[in-house]
Amino acid sequence: MKQSNPETSNIWMNTKRLETLVDGIFAIAMTLLVLSLTVPQIPYPATNADILYSLTNMVTQFFTYALSFILLAIFWRKNHSQFYFIKKTNQTLLWINIIWLMFVALVPFSSNLIGHYGYLQVPMIFFNLNMFIIGVLYGFNWYYADKKNFIDENLDRKTINYNKKLNLAFPALALIAIALTFIYPSGSTLVYLAIFFIKRGV
Amino acid sequence: MKQSNPETSNIWMNTKRLETLVDGIFAIAMTLLVLSLTVPQIPYPATNADILYSLTNMVTQFFTYALSFILLAIFWRKNHSQFYFIKKTNQTLLWINIIWLMFVALVPFSSNLIGHYGYLQVPMIFFNLNMFIIGVLYGFNWYYADKKNFIDENLDRKTINYNKKLNLAFPALALIAIALTFIYPSGSTLVYLAIFFIKRGV
Amino acid sequence: MKQSNPETSNIWMNTKRLETLVDGIFAIAMTLLVLSLTVPQIPYPATNADILYSLTNMVTQFFTYALSFILLAIFWRKNHSQFYFIKKTNQTLLWINIIWLMFVALVPFSSNLIGHYGYLQVPMIFFNLNMFIIGVLYGFNWYYADKKNFIDENLDRKTINYNKKLNLAFPALALIAIALTFIYPSGSTLVYLAIFFIKRGV
Amino acid sequence: MKQSNPETSNIWMNTKRLETLVDGIFAIAMTLLVLSLTVPQIPYPATNADILYSLTNMVTQFFTYALSFILLAIFWRKNHSQFYFIKKTNQTLLWINIIWLMFVALVPFSSNLIGHYGYLQVPMIFFNLNMFIIGVLYGFNWYYADKKNFIDENLDRKTINYNKKLNLAFPALALIAIALTFIYPSGSTLVYLAIFFIKRGV
């Protein structure tokens, strides 16, 4: 007889299921970014000059599309990497990830906001804050999984701790980006390019 | 020779397939919620004050986004939990779930409605009614699965019955929320927070 | 040494892969239907009467949402049923299904069209024609799979042939609906309810 | 003890995971194409003539929808075909594919653009350039996988090289389409129909 209790009631929720939701939400959020690129509305008949002018004005939006797509791809990849080693889960870990996904799914909005008002500080703070929260929750996920011994026991302590430190890099970049908005709002997101120069962890 | 008859004609539809549709629709509905957050349209050049004012006015919408995301996540989790124990399916169970998904996929609309008109009673009743129907169909799914002996025979009767009662909690909360709209429309959805204090079932 | 030739070059494309695309497109198309339900735009402050009036005016749209969701669910289910017995695939079968999916993914548009102009004949013909094509391609898929001996050899000839006839039912209903648009456009889609009274096949 | 180093740190990322993201983004991008078909806005009461006129004006948009859907389906199929033989992956291969997906997810925008301004050269160049980049990155993926010996060793050299050449066909078609925009913009995309006459590779 299976008895429902705090221990057994969780058996149905392995990390596999969570990964399905993660994969789905990432694929959709990444593709929804394209909806922030709105086709210019020009009365008929438009001219080539009109379209060229409109598309040129959308350069910030194209850059934002590419940046957000790549940042989301990085987190999708990092999540897979983390869950390769996280072998168990519980209610708290599940909810850390759901709240994390809530901010991941918010990116098409933040991205759209800076695509339109990237010359202002407030929208840039909003976008960078969104990235900061994503980064912090991601790091907290690893920290919590370690604390609860959910991580594969074959992974050595040095690597686990190294990754804890590494997970501070992205939130730190987001904070630098926020600081930069006080000087140069529209260029603040360029700091995320630094992520390509950071040595990979797990 | 396989003969198509009411018994065998159903062999292709195990619960696994249904879960794929459920996972897809939940991931998409949860991510589509972001589309209800529309970037403010301010004529060029906008100021930081304009954006800050617009974003502040969107506070209800952000709250609604978070609430709907979390409520959908709860039902996604509960569905997985239910189908961990439901081992068989038939046409009726399939259709209970499809109608359920129809109301799940409606949430981005209800959510958008109260994000814009949360200060009024009618939209709040609409949203809470949507939640009520989702909750009722969810409970009915478990009730029907039990009646047809589709539930894992290793799960004890006490747990099955306990879950039947537990499944009344969410519809009850939705009814309380509907009652509250007569007094305080915009705060009515706060009752759903009570869900975090209810002892979990299966 | 694997040699790429017309026979072996197809080995990578089993029916499993196709089903993944089918599942994805159905889940998305079904959820996108909700985007055709647009939140009424009422200048601030709106009244309960305004919202109630707007929602009442959307009754056709809600009906269309439910109808389209259910019709798509039926075809999703039927597709799984068909591919439970279709064991092989080739280029042609793949393209029949892709063209089929193209008309499935068109449903949110057709549905939106009759949600707005359901009192007119032209949009109703458009919607019913969309359903007709979906039904015809679905039937053709089974017919072609049989012709090429792709159907599970354990399925008896009688059942295969019975399904061939059964597959004519939905296109027939769509034709009746088209005929009805000449008399009573907005009610023409009610004929699809007949599908619940047709004896199921495979 | 698992030690995280450049060799082992990649073990979690097999090609299977990448394929999940690919499947998701393709299904979504293909279905989002329908959002570029906007229901005509006609003041109430509309007439059948109004709708017919609007739908007739949308002929280019319907053609673009069908063309983009089919081109994306072709690349989805080709990607599966490629990854049937690509057995290993690394960071670079992963990023080639992510950048590729970024341009795949852009297609609903390009498609929408030529659906509205297909009578002009600039939008047509934009669309064809999008296709060119998709084709080039797709070819580069195979080239790189071969260079790194990631391709199934049972696949003979002749087939690998034949596919390298074949992968030039689509970018070449896109270049021809770009050249054609100087003469006949709206017809330039017809060249892609030639793809159905090219002998298939892997």
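As written, the chain order gives the labels A, B, C and D, with residue 1 at the start of each chain.
Assume a contact is a pair of C-beta atoms (placed from the backbone, for glycine too) under 8 Å apart; a residue touches a chain by one contact, two chains touch by 3 or more.
Since the structure is predicted, the reported quantities are computational estimates derived from the model, not experimental observations.
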Target subunit C, source subunit A, minimum contact steps: 2
If CA atoms of subunit B are superposed on subunit C, the rotation in degrees (nearest 5) amounts to 90
Which chain's centre, taken as the mean of its Cα atoms, is farthest from the centre of subunit A? C
What whole-Å value do you get for the distance between subunit A and subunit D if each is reduced to the mean of its CA atoms? 25
What whole-Å value do you get for the distance between subunit B and subunit D if each is reduced to the mean of its CA atoms? 35
Junction residues of subunit D - those touching two or more other chains: 24, 28, 32, 35
Between the chains shown, work out who touches whom and classify the graph as line, ring, star, complete or other. ring
Checked against the stated definition, the touching pairs are A-B, A-D, B-C, C-D
In the complex formed with subunit A, which residues of subunit D make contact? 1-4, 9, 11-13, 17, 20-21, 24-25, 28-29, 32, 35-36, 91, 94, 98, 101-102, 105-106, 108-109, 112-113, 116-117, 119-123, 126
Along subunit B, where are the residues that touch subunit A in the complex? 23-24, 26-28, 30-35, 37, 39, 42, 45-48, 51-52, 55, 65-66, 69-70, 73, 76-77, 80-81, 84-85, 152, 154-156, 159, 162-163, 200-202
